[in-house]
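Two complexes follow with chain A in common, the first pairing it with chain B and the second with chain C.
What follows is the complex of A and B.
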């Protein structure tokens, strides 16, 4: 009886995870090998077509010229900017007195707290072509003609706004975590370096970065995973829900194939590709980290 | 390290100003547009034309936003209660008992957390459809439960492990059964951990968009994040109403975050450094 007790305690949680995470994962892979449309949904029968979905997606130039570049470039720029801004803010927090530090960290929390959905709406409103603050301001100084400018139709400016949105929402986590990590660096280290005549730049790269490298790795991995699968921040932008095919990323493409076109098999195949991409990135990071660990 | 020359002070001041401006501007713009009677043609006016509650009245009365907020709160509360309970049981199991496969279970929980949930929209949609749980707040609650559970188990495990075993043994010596000990010794001591995981679970449920958007087809069942979508016209948008709705959604989360920020930061740091 006593040997059974831990399993009794674990059973509800493991049951939920099995039914809601593990089984759907098996299911999405199985769906990706089928042509699964409305007919299959209603009858519940399966309709395996082998690798057809994958062949169609990977053979489609749309993936290589639009969706994949959108997903990867966007994620990479978001991660780089998020980590850079987060690091700068963490270093700033370290240099502030108590009062200003509390003020700044409270304000950072506000950016973090803003839900992705409402944050996206606010950025859309800020960049609204007719009545938004940016076009209004630029119009006032005569820089643009508001009725002829729409930042949401062009792929680059669309993603620039999305990047701003994601970085604004994402940097507080990096800043708060790195700030906490900075506090763990023994005071003697930078002081000794200062005595040896190292300037701030050298101290940062030679002491701060190596000491808190594991924390850097964690925030970078997490940001990468989050930024590759961004959905609401793209889907809710004008044209992001499929009206403008130029701005699709993997997540939104998968959604549109499934729920707008009723090609659930195709949508699942895209979702599987996204998952594999994330898996490859995570494994790559972890391997790189392990290699560095060996050297130390 | 503590040289405070005038240039250094100026640099710090400029950095702080830039940070505050970048971080606060969207929040300010949202709240001030929500109260601005002329929000729809605001342009670059820094201050609103005046202050009005009309937009709030509109979204709450005509837009039925009150119902969406209630739905969100119900789903959030359900997620918090269920995930707290299940995660606590699981955490006690892995922190207090030595059994075969213990480490395997822990690693597995960590790995499933890595699965991109967005990739599971399609199978979960089909699964919930078969169970007739689409369009039901319960169905959504169950899905969010799965999202918040792995994190909750890992966090609570640390809290349970930190309670000295001697305290439990003292309770047993006093003649308590296991259940009594659990209720009167363990539960009060892990309460801070439960608060942390509850906040996390509530925010996950409150902010989630994709699943609520796919699952809820009847607009009486919309959560707030999805209901907001209704104020978007194809060609014109009632920005005052959208910003008022956004403010209503953001406010509870904002208060939560600012209130718990110290503990949140400390907890995150502990998790990341360990």
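What follows is the complex of A and C.
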């Protein structure tokens, strides 16, 4: 009985996890091996087809030429930009006086607090080709002809706007976390370096970065996970829900297969692949981190 | 109700593990688990109970701006006729398809629900809808149903939905601008192009005719008007795409050339949905749009003075007459109700006679009964009659097969339109690609 007690106490939490996380996970994996449509939903029967879904996805050139490059390139640029901008803002916060620091952090918190859907609509509105702020400004200086401009149809400009959106929404978390980490650096370290004649660039790379490296790792891993599975910010953009196949990423592709085409098996298989990809990246990060930890 | 008690049980369990002695804790835990289980049991019991105390009906929110009085009258009438209560739930169009799918998976479907015309073959093929054909036959209703709507719910002789109400798209134009420049609404394709070119000169700040790339319902009339079709039965029980055959190509070419060659549209419209196009009309930018009869109510609600500034004509045919337009709308489907007689009673009550007429009138749509539709047409309202004429004389249907739902979900035709409008592909290339994508789905 005594041995059972910890499990009994854990049971509620484990139960919730099992129902909310584990069971859906098992279902998605099992669905990914089936051809599962409305008919199966209605009857509740299983319809296993082995690896067919995976074979079809991995054999589809669309995955390799469009969906995967879109997902990976987009995630990499977003993560790099988010961390760079977040770091710069954190350094700025550290230097500001109290009043300005409060003002600045309040403003960036507002960017963070904005729901992704609202934020996306704001960016669409800003870049509206006909009546948007940006096209209005560029039109005023004679740079573009609004009636002949549409940024949403081109893959690169589409993703440039999406990147702005995601970085704008993601950098406050990085900035706030890194600012907190910066406060933990003992004051003597940069002071001593300053005495030795190190400039700001050297102090940043030789002192700041090594001291708070684990925090950098955490924000990078989290940003990577978030930016890989971006959905709403792409799906809600004009043409992003499937009308423009050039801009699909893994998340949206999975959604279209499952819910627009009622091929739940195929959609699940794409979701499983996305999870595996994320898992591989995260494991890679954590391993690299552990190695560095050993060296220090 | 039962679900709420289940949730209460769960939170009780969470609270119990937080405080008190070990024994008390365990006792509370047991109690909470028991409550939870009981909740689950009663939840099941409630659903599968023997005699029906109420029939479940799901209808879409927002179609009828003030649905309250209608629903009350319907409930009273139904209860009086059958002695059974009617439980009405409003659901949102935007997530209705997912909602029904989820309810299907969870075995929580209502007895009767409003469904979009294109969903009938889909849910019908999945086996979730009852075939109403024998009952329609028995009651002698078939001859008086609006054909486009009736056909949309009928696959291989089985009818999965009873026509309830319908809408259709026609050409809406700025009557005030046309009058100012003494222009006449177009009656042929050439006139449509010429009047657009004239507007481009006369009103340089306006968009003469936005060609929006995000929806297919503006394009379909031109494919049909040129004598083509999106797909046709292949004679072996399946379908094949005909969107890349010469007639269809001619229609696509004309429609897209209005934007690409004649500059009657703007680049922004390449990614517009129908709602964006309506917005541009509402902002005073667009001069002519192809949009639905239901949008008139939206326009008038925002600003009653629109009544004097808009005109409506059926979509012009290539050389006169009309180009067919898609008849969209709603059917009432019986989701394998355990009380099929009551479900049918409710369906006929709503879709014929007094209740059908008042719903159509309140919502700004057209009734699904031909006789009621003709009554509307005879009233000769200039903002209603042209739509009614379009529907009864030039209404058309998209392929009635579950596969076409998947094709629409994949946005095959918007994809084609956007590729042409943005100059990424020629009409021929884009149409070939669209046909290939459709055939892949038809075959799969």
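List of remarks:
The rule we apply is simple: the second predicted complex is superposed on the first by the 284 of 296 C-alpha atoms of A that agree within 3 Å, B and C clash if a C-alpha of one lies under 4 Å from a C-alpha of the other, contacts with A are read in each partner's own complex, and residues count from 1 in each chain.
We take it that a contact is a pair of C-beta atoms (placed from the backbone, for glycine too) under 8 Å apart; a residue touches a chain by one contact, two chains touch by 3 or more.
Source: prediction; values computed, not measured.
Superposition of the two structures on chain A shows chain C clashing with chain B.
When the two complexes are overlaid on their common chain A, residue A:282 makes contact with chain B while staying clear of chain C.
Looking at the shared chain after the overlay, A:115 reaches chain B, while chain C stays out of its contact range. By the touch criterion stated above, A:242 is placed in contact with chain C alone, chain B being left untouched. In the superposed model, A:12 lies in contact with both chain B and chain C. When the two complexes are overlaid on their common chain A, residue A:262 makes contact with chain C while staying clear of chain B. Contacts of A:43 after superposition on the shared chain: chain C is touched, whereas chain B is not. Legend: residue contacts after superposition of the two complexes on their common chain; A:129 is shown touching chain C, with no touch to chain B. Of the two partner chains placed by superposition, only chain C is touched by A:150; chain B is not. Comparing chain B with chain C, more residues of chain A are touched by B.
Across the options 77-85, 239-247, 257-265 or 275-283, chain C meets chain B in a clash only at 275-283, per the superposition defined above. Residues 5, 9, 12, 41, 44, 128, 259 of chain A touch chain B in one complex and chain C in the other.
Interface of chain A with chain C (complex): residues 5, 8-9, 12, 37-39, 41-44, 128-130, 146-150, 152-154, 238-239, 241-245, 256, 259-263. Those residues of chain A whose C-beta lies close enough to touch chain B in the complex are 3, 5-7, 9-10, 12-14, 16-17, 20-25, 27-28, 31, 41, 44, 88-89, 92, 95-96, 100, 103-119, 121-123, 125-126, 128, 131-137, 139-140, 168, 172-173, 176-177, 179-181, 183-184, 190-191, 194, 214-215, 218-219, 225, 228-229, 231-232, 236, 251, 254-255, 258-259, 264, 267-268, 271-272, 274-275, 278-279, 282. Note for the complex: chain C touches chain A at residues 13-14, 17, 22, 26, 29, 98, 101, 104-105, 122-123, 125-128, 213-214, 266-268, 270-272, 280, 285, 402, 405-406, 409-411, 414-415, 417-418, 421-422, 424, 441. In the complex of the two chains, the chain B residues touching chain A come out as 1, 12, 15-16, 19-20, 22-24, 26-27, 29-30, 33, 40-45, 86-87, 89-90, 92-94, 96-97, 99, 102, 105, 109, 112, 114-116, 118-127, 129-130, 142-143, 145-146, 149-150, 153, 206-207, 209-210, 214, 225, 228-229, 237, 239, 242-243, 245-246, 249-250, 253-254, 256-258, 261, 264-266, 268-269, 272-273.
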